[in-house]
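Shared chain: subunit A. Partners: subunit B in the first complex, subunit C in the second.
The block that comes next holds the complex of A and B.
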């Protein structure tokens, strides 16, 4: 009987919440733990386009290739709890921009780290969640390991529904401790051993505004402290603190006749490094019968450069960085996702293309020669036990 | 594992409980309590009983004195009010009075003025109620819990069984059902949805592990008029029988919600009824007058 994910109907919530005022109807919880165990396996391939030869000085122009395998298990525990285990393995290979220099003609060109970097990352995350009548609360522990990097993080989150069931408040806090010990090989590193701490908090509210529409708002704050410099980039020196604010909003509208939902999301980011960004996501969730869902989606992203970004940096500046990720640029991405229900199995297939250029964005700045374009494809299969 | 089945008659139809439990005395005690709960609700809300709360409220109509109610009754009013609002006034606890004009046994069609004489007695918005009292302001107005009383009794009986620790039990009150959990072996209860073309046959099977399944039918008693068949479900706004879907089944965590959703689907025109169910997002199955079936629950193969 499971169809594609449907919009939660405000009529249904109104009826359910008024039925729940009767003690005899309270046996069924509004915020129910998952009824069955779900096991999912996924594989993604992420491939960056090679840097165009006109933008590099010798070295390898081949960039990152990442293979990701994912395992997810979600199981009910007792009457009110669930347990989720997520494990992800990433295998990265390729070269990354080492620094940007000036060519004889005055154009900035990127010098790639010579030999191909090989690295693997393992992420493990465990979440326990408690379900109560008007919401749920979770506790999460996550560990991530790479050859040169270790991170431990904990997070607590909770949500609470209003008595009429139409409004949900939610919040989360998390902290992580990361240890960095760069692998010394082909390029000199900016540190031998250091660490950083990340603290973040988030609050949000979502409201069912009509029988077919949901509106949400969120505010977040993140404080980073420690070694925030990229250990492998030659000309990279960043402040040891970063304060980030995020405001986001989203709207979902279900259209009956095409049996589809429109999702529109916007996110504004601002920090004390001078980076500002806007993100707009649009997705159309088209149901095709009860078992198939096709989701074309697109994203526009635009960011301003960090105050201390320059393509060809002045090493005398206290802080300086030539990392394209802190340059002014805009990015466009688009893709298509297919979800197919096959009884107890569900198949998900996604393909996405991303391109970034300085002139795509809203902010003016020097275009980094290292801006990326990539393809991503993923396939996932999940099984629901009965 | 012992499986007990208990059959009895209540609320105008055949009822049964199925309980799977190793402790037979405990199961029997739970069954007795649950049957007593159904009997309590029937005695309290049946309009056929002179001493029911419903009859007391109806007799006090227009008399100037509100009738005191308890929290359970106020809860049912609140649910009925929500359903009235959400259905645009189609679900109305006061519409039962229209049955005075319609005699579905004789097949006589009432004159329009008979209906017009009754319509002033219909209208949930005229009922004065708060969490402690209710008052029907016009003499002759009547409340009728027919649209939600049985469904509530299903939830109440299931709650009593669950309260006795019976977590593998099925309640079936004349086709409206709820379970307290999956069967003892962890499998789902297989329950049938009656085929309106052949009520002896199951048109679809639904697997219930939790929650409820309610069905509404508009095919049992009919009147033929100008070559059209009208069911016994009446539109509270016009007093005329509705001509939409003939049967609807809905699954939901609460039988009260499932039954309310199915009843409103039948009160709406055919396509609107189906749209209403599709938008609720609950599993559903419906039949129209030509016995074409549609819904998110797959019909069984013949």
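The block that comes next holds the complex of A and C.
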């Protein structure tokens, strides 16, 4: 009798020990030290639609075409640490809106930068993370290099679980020093050389609300200071400071019968340039058997225009901008992702379509003729070492 | 806005139940993570940051780029 009882006790102890590990795992799986090394590679093709002829003054209506390669390595180090290395390469070509003018009929039309822009970007990020009983803390250094832009950033983040493991408190701060030196091409630039700094802080809390649901909230503040004007746009002069506030919430719910998880995220953004925005992301992670997952996803975005935005700007105004990214518009995007487990390999394939129009949004304003639409396709392969 | 957010927080926390560690199996599934695919999340954040006036929400801002 003693044998089976001891065996049951050992089994129960093992199960309980495993279960007790879960609070540290949930909130984010990254809360726990990774058990094995994972190597991931990704390639994406991003292509913007040409600007419609009716929206341009002629000439080039071609927009950006970008190839992106990604590398990610995450490895456990010792018993309490991990090291992550992320590298991203981008090769971009095409043209971007230069300025907006008024046609004889009074319609705003965009003039593209004309000559094809060629640029590359390399982004390297290294993160070390220490794991302790009730959470973890990380330090990150990131460097981004382009022909005309360099950025060095450091960040510190940490998370702390409550004793019952139901609540996780998180926080992060970052500091970035960026140098801008526009490349001299066929169009004049707004500066020869300048700088900007970015200071940011974020706090969040996540909470297990049921056996199958978890909820989180976050608040963020970012202060940008320096040359915030777009160096390549003809009619662009922006304030040298920008203060941004973000409130966000997220929800995850696992549905047992369809064996699927629902993701819902919402973000509210506000800044002292007059921009406000709402973003809603929804995704359905449907498991199909043990090795396949299909994820349809959709996103709604709506922003108000910056106070100093106009399609046809008054150059006498202290600040003025005709950049479509600071206009009032809404954007809808939708996509589909396939995840296939192949033993130690995992294959991810994603396709996404994005469109933006003024009337898609919640805020009224002048529609910019330069609003963008794009396609994106991605393929990724991960290998988990054992 | 703050009232709406406050209401959401209140409703969210009011709906909490005590979930024992051994009842958290579903929560530990990979598809229940905040960011199940880091490469995908990084790429989407960057594209949206480059084409829209808003950014952030999931952490500190980090570094900038000259992305147009």
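Some observations on this one:
The working rule: the second predicted complex is superposed on the first by the 354 of 386 C-alpha atoms of A that agree within 3 Å, B and C clash if a C-alpha of one lies under 4 Å from a C-alpha of the other, contacts with A are read in each partner's own complex, and residues count from 1 in each chain.
Rule of thumb we're sticking to: contacts are C-beta pairs under 8 Å (C-beta built on N, C-alpha and C of every residue); 3 or more make two chains touch, one makes a residue touch a chain.
Please read all numbers here as calculations on a predicted model, not as lab measurements.
Legend: residue contacts after superposition of the two complexes on their common chain; A:256 is shown touching both subunit B and subunit C.
Of the two partner chains placed around the shared chain by superposition, neither subunit B nor subunit C is touched by A:168.
Once chain A of one complex is fitted onto chain A of the other, the partner contacts of A:325 are limited to subunit C, with no touch recorded for subunit B.
Residue contacts after overlaying the shared chain place A:146 against subunit C, while subunit B stays out of touching range. Once the two complexes are overlaid on the shared chain, A:72 sits against subunit C while remaining clear of subunit B. Subunit A has more of its residues touched by C than by the other of subunit B and subunit C. Residue contacts after overlaying the shared chain place A:212 against subunit B and subunit C alike. In the superposition on the C-alpha atoms of chain A, the part of subunit A touched by subunit B in one complex and by subunit C in the other spans residues 15-16, 19-20, 22-23, 25-29, 211-212, 254, 256.
Contacts from subunit B toward subunit A in the complex involve residues 72, 75-76, 78-79, 81-83, 85-86, 152, 155-156, 158-159, 162, 180, 187-188, 206-207, 209-212, 251-254, 256-257, 260-261, 275, 278-283, 296-297.
Looking at the complex, you find that subunit A touches subunit B at residues 1, 3, 6-9, 11-12, 14-16, 18-30, 32, 35, 211-212, 254, 256, 259, 290, 386. Residues of subunit A touching subunit C in their complex: 15-16, 19-20, 22-23, 25-29, 40, 42, 44, 46, 64, 68, 70, 72, 86, 88, 96, 119, 121, 123, 140, 142-144, 146, 148-149, 151-153, 155, 157, 164-166, 172-174, 176, 178, 180, 196, 198, 200-202, 206-212, 214-218, 220, 222, 230, 232, 244, 246-250, 252, 254, 256, 260-261, 265, 267-271, 273, 275, 277, 279, 285, 287, 293, 301, 303, 306, 325-326, 331, 337, 339, 348, 350, 354, 356, 372, 374, 376, 378, 380. Considering their complex, residues 1-2, 5, 8-9, 12-13, 15-40, 42-43, 47-48, 51-68 of subunit C touch subunit A.
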